[in-house]
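These are the structures, in structure tokens.
Here come two complexes built around chain A, the first alongside chain B, the second alongside chain C.
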Partner chain A sequence: MVDNALSPHGGKIVERVVPTPAEKLRGLTQVPIRGPQARECLGIAYGFFSPLEGFLTAADVDSVVKNMTLASGYVWSIPLVFDLSEGQIKEMGIKEGGKLLLTYQDQPFATLDVEEIFSYDKELMAKNVYGTTDPKHPGVKRTQAYQDKFVGGKVTIVNPPVINPPFDGFWFPPKAQRELFAQRGWKKVVAHQTRNVPHAGHEWLMKGAWFAANADAILVNPVIGEKRPGDYIDEAILLSHDILRKAGYFREDIHTTSLLLWDMRYAGPREAVFHAIVRKNLGCTHHMFGRDHAGVGTYYDTYAAHRIFNELPDLGIYPVKTLEWWYCPVCAGIAYEEQCAHKQEAQRFSGSLIRSIIEDGVKPPRLIFRPEVFDLVMESAEKYGHGSPFVNEAYLKRPDPVMTIPAMQL
Partner chain B sequence: MVDNALSPHGGKIVERVVPTPAEKLRGLTQVPIRGPQARECLGIAYGFFSPLEGFLTAADVDSVVKNMTLASGYVWSIPLVFDLSEGQIKEMGIKEGGKLLLTYQDQPFATLDVEEIFSYDKELMAKNVYGTTDPKHPGVKRTQAYQDKFVGGKVTIVNPPVINPPFDGFWFPPKAQRELFAQRGWKKVVAHQTRNVPHAGHEWLMKGAWFAANADAILVNPVIGEKRPGDYIDEAILLSHDILRKAGYFREDIHTTSLLLWDMRYAGPREAVFHAIVRKNLGCTHHMFGRDHAGVGTYYDTYAAHRIFNELPDLGIYPVKTLEWWYCPVCAGIAYEEQCAHKQEAQRFSGSLIRSIIEDGVKPPRLIFRPEVFDLVMESAEKYGHGSPFVNEAYLKRPDPVMTIPAMQL
Partner chain C sequence: MSEEVYPINIWINEERFEKVRVAGLAELTKDVLAGLKVIQVPASVAEKDALLSKFPKAKCDTATTKTIELLPREVKDQLLDLALEQRNVNVAGLFLEKLEAKK
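Up next is the complex of A and B:
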């Protein structure tokens, strides 16, 4: 039996960032990668995804798909694979035992050891990871879009990216994040996963979870990655959470914000497990899970992400399972579903409610939506969002705003 | 080493209620007792004060005073003694090995086995229990007022009292309280000690503690006993906490109210320990402690009652230590001192603020003070308080409203 409670996951933080001179990279087969792959390389090499050291080999993929563990026995819920077409492999002469130079933004970026070239049943992968093979599910669609071959092997960042403003202030890989927690004297930290600009319901979800975890602090750790039209823009999400603290809705000594580079899979319960493991690697002891965590459409029960932890061994990070916070006119404030009996009178927060508030451009009551957050969202729209706080075509087309790979002449 | 974590304290609930026919009581030396003593007899005989089976003997008193434990090693913080004057003892011919019939309301009530007659240094008792010998401290005053002799020995209720409305609905001795918890399926219950009519700050103190304890439910357990002028009347305290649930500010499935017959000693940290043990006997797993718990004047540090638990063995009931909840105009609601950074803007709840609200008779905002609580306090004033929700002379002079001892002809 593997002790999944070891912290970090697997017992140590993976670090595979080795700035490497150009002469050592010459002659390697170059493979250009896309943004999602670049983000995965960073996640692996900076230890967010410990104990992964690279893209999964066949035995790991099969075990993750079927057992939700790596072949070694550590719990792991989402297969991280590096796909290529059979044509590309043949054309580029990629062989097991070789090494690839992954390029991004036309620059050398990382190496990938070709330990294994394999294929895997993508239908089975989708079915087990997402519980569905419906191509309308964005995770299923992503799986089905994979090329037919996977290359498993270790990843090393050879040309570390520069993280651009405003993201740079939130870039805390596991070692740095853990150092920050240690400096602050925080022993118990509860993580908040988000893709939202926070309203007062989110704020209380965090405040309640802080109590439930008897936590020293809250880590707000928005997922930054591939966007869909209508999503909040990343900059608004990150900065608006941070302003909650700066404006005093959270004390400085109990709150911090950092980012996670990750393309949402919308895998519901399996993604909840993934989030837990990543935040454990960041040094958190607890992770909050609200309704519909990492879900999409109606593929998962509202609280499927709560139940999955009952079936898992001790992960060394504890789920704080929360129900709904709502506005209750009888209580005259934000109230919690399990405490407040005014279910009939309660007014539920909804994404579309807050969206319409923001679209109207009229400041809502501060009890519902903090004016500082509102102002910041509007500023972010101008500064980063091509006039909108919601992702539009122009936002989708911009080059990777988070990282810039330094120029390197091979 | 004694295992103080056993639940109930000492391992079993004491039950010493034995309805006894008059003929078996005839011939016993009769000693009339006062209300405080009657309440202590009930506390002992119904198991609230387990493992006590009676009034303390000399070795127990000495150990409680000096070590905060009974002679057996169980933590115990307040000496419960039965005092008589040397003259009374002589006059009534009371001797060790004898048995007294304690009468209350001129009726046979309980027996007291005279195991030991002793005296004890009252200055030392006051100094160690209250941390002061200042006679202005009400607990010290009570200690100094004791007669010079103490009778230690087992207490048995022989003529159980009738508990009168509205108190009867809140009379849950440990066995009944534990049965109620079991019926409801409550495994973790956090106790709230109070002598107050609740404002929204109290409500959130309870709601926050419920989170912190990851509790199934809250037991509101007001102390009912000797009053001082200006205190809230007992009926208003009990009924107003209960109305919080009935009006939906707490869900039915997470809240209940029962009473504790006890004359406050205002012993600060030592009384906090006593409260914890009694609520453990009632079946609670957690006990909330706010600022100035069971204190009076400036005899104790604001959080002395938090610190004392650090020095004690595991009591089997866990302190939930809470700081202040306040009204924050920036947050536009009730906020918690450790979370909200608007310390400058915060408006603190104070006893005198709420008192003035009630005295004005004008309904305050429901965010601060629930209208249902306000109405109930006003009703209680009329029905029980001689026109006032605060204890006045007429209220102090009424006969024991809580219990009536059935007539019994000896």
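Up next is the complex of A and C:
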């Protein structure tokens, strides 16, 4: 099933944020949740994951795993499930038809309607979603770590979080994002998914996609969530993309940055589909997909995320499939793989090369890395990264920097 | 059997290149990306092992690139300074001697 471009996936934006007084929450069974679950609750309740209204029930999980659609027929590629152990369910007396109060940071946060308690074959889930059951794959590892039971049902945020600086300036749930696009008069917006600080390869990927889509604007939408040692720190990613515009590499009237709270599954092509749907909900008409989109290791073919869209019905968001941008000494500039024939001479942007340069604090030529971005990355390292722009142990140990749940006495 | 060599990549931007040129080492640099260059300080097996044990975060992929990666920034800065001073890139041994002497 598909809706027209610009309409959210499923036809309407889900909004399930209902600030609720404490007395109405008293007596509900309390279940503490972790960061990833809290982020998923926000994604659902603020409509990023429309048409989902909650964690998936069994029929939806089965359909997503086997057909890449919800039971309703809408394309959906990643199962969002809420797991509990059989012991927890018994101990807390959780029953179908009940309602749970999910607490985060020791505060009431959201309710979960217990529509269905079920189990599902985790091996099959991993195999179909990730194309592998190798426990070294981070998504497979996440799947295998699920407890044995799942609770499906609607989620409602009852105590909305405060989004902390510097993240607050980038918090645009679908409704707010769409309003911003409308104010600016942007009808065609091409989304850029990233977990990187931008080098010129990324900058040209965005500029090229803007041309290819004949777009009004670019939405840079970094994924903010669970980190692994060696990743760029979230603050550096967000702020460095923003500074590309502030420093004039993109004009103010064609570029904006907002964040997506999401823990990468590294599901390659399936995750590409998920990214497309979320950005459609944000109001984008196009989405960039480069090499090895949302991949990890060698589990997926370099351009598997390009091909998957050929097998799906029109999602109402157009995939802009791009190959590599490189530096070509013959062309004497940044060049595109499909245009420049100097493949032998091409100097590629390798992630590990750029990382090594940044680690050594050596300011690269402005042609490959903007000095403003470099300075900002170094500044973010001091301010947010315990001295490093890359995630280290100290950064991993900090409490959730993005959101604070307001204190609420039950 | 000839002794294996494990290079340490030192990135050379424009600012550094001027000093490298003055030290007469410009010909040893190689263009990597859009004018960014690299100069390699070679390490022998023993020097590589010493570096890896003194700087446990450093890594060497002995099967593929053979380069020694993730040495602390200060170490690489000092290696470059030594190379400029000595007008020679074979300074891994000298660096380790100085490190030992500091103890």
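Here is the rule we go by: the second predicted complex is superposed on the first by the 404 of 410 C-alpha atoms of A that agree within 3 Å, B and C clash if a C-alpha of one lies under 4 Å from a C-alpha of the other, contacts with A are read in each partner's own complex, and residues count from 1 in each chain.
We take it that a residue touches a chain if its C-beta (ideal position, glycine included) is under 8 Å from a C-beta of that chain, and two chains touch if they have at least 3 such contacts.
Because the structure is a prediction, the values reported are computed rather than measured.
When the shared chain is aligned, chain B comes close enough to touch A:252, but chain C does not. In the superposition on chain A, contact of A:367 is made with both chain B and chain C.
Touch criterion met: A:349 reaches chain C, while chain B stays clear of it. Touch criterion met: A:359 reaches chain C, while chain B stays clear of it. Looking at the superposition, the partner that touches the larger set of chain A residues, chain B or chain C, turns out to be B. When the two structures are aligned on the shared chain, A:275 is found in touch with neither chain B nor chain C. In the superposition on chain A, contact of A:327 is made with chain C only, not with chain B. After overlaying the two complexes on the shared chain, residue contacts for A:241 are found with neither chain B nor chain C. By the touch criterion defined above, A:178 reaches neither chain B nor chain C. Annotation: chain A residues 365, 367 touch chain B in one complex and chain C in the other. The touching residues of chain B, when paired with chain A in their complex, are 207-208, 210-212, 214, 245, 247-252, 254, 330-334, 336, 338-342, 365-367.
On the chain C side of its complex with chain A, the touching residues are 9-16, 31-36, 69-70, 73, 76-77. For chain A in complex with chain C, the touching residues are 200, 327, 329, 347-349, 352-353, 356-357, 359-365, 367-368.
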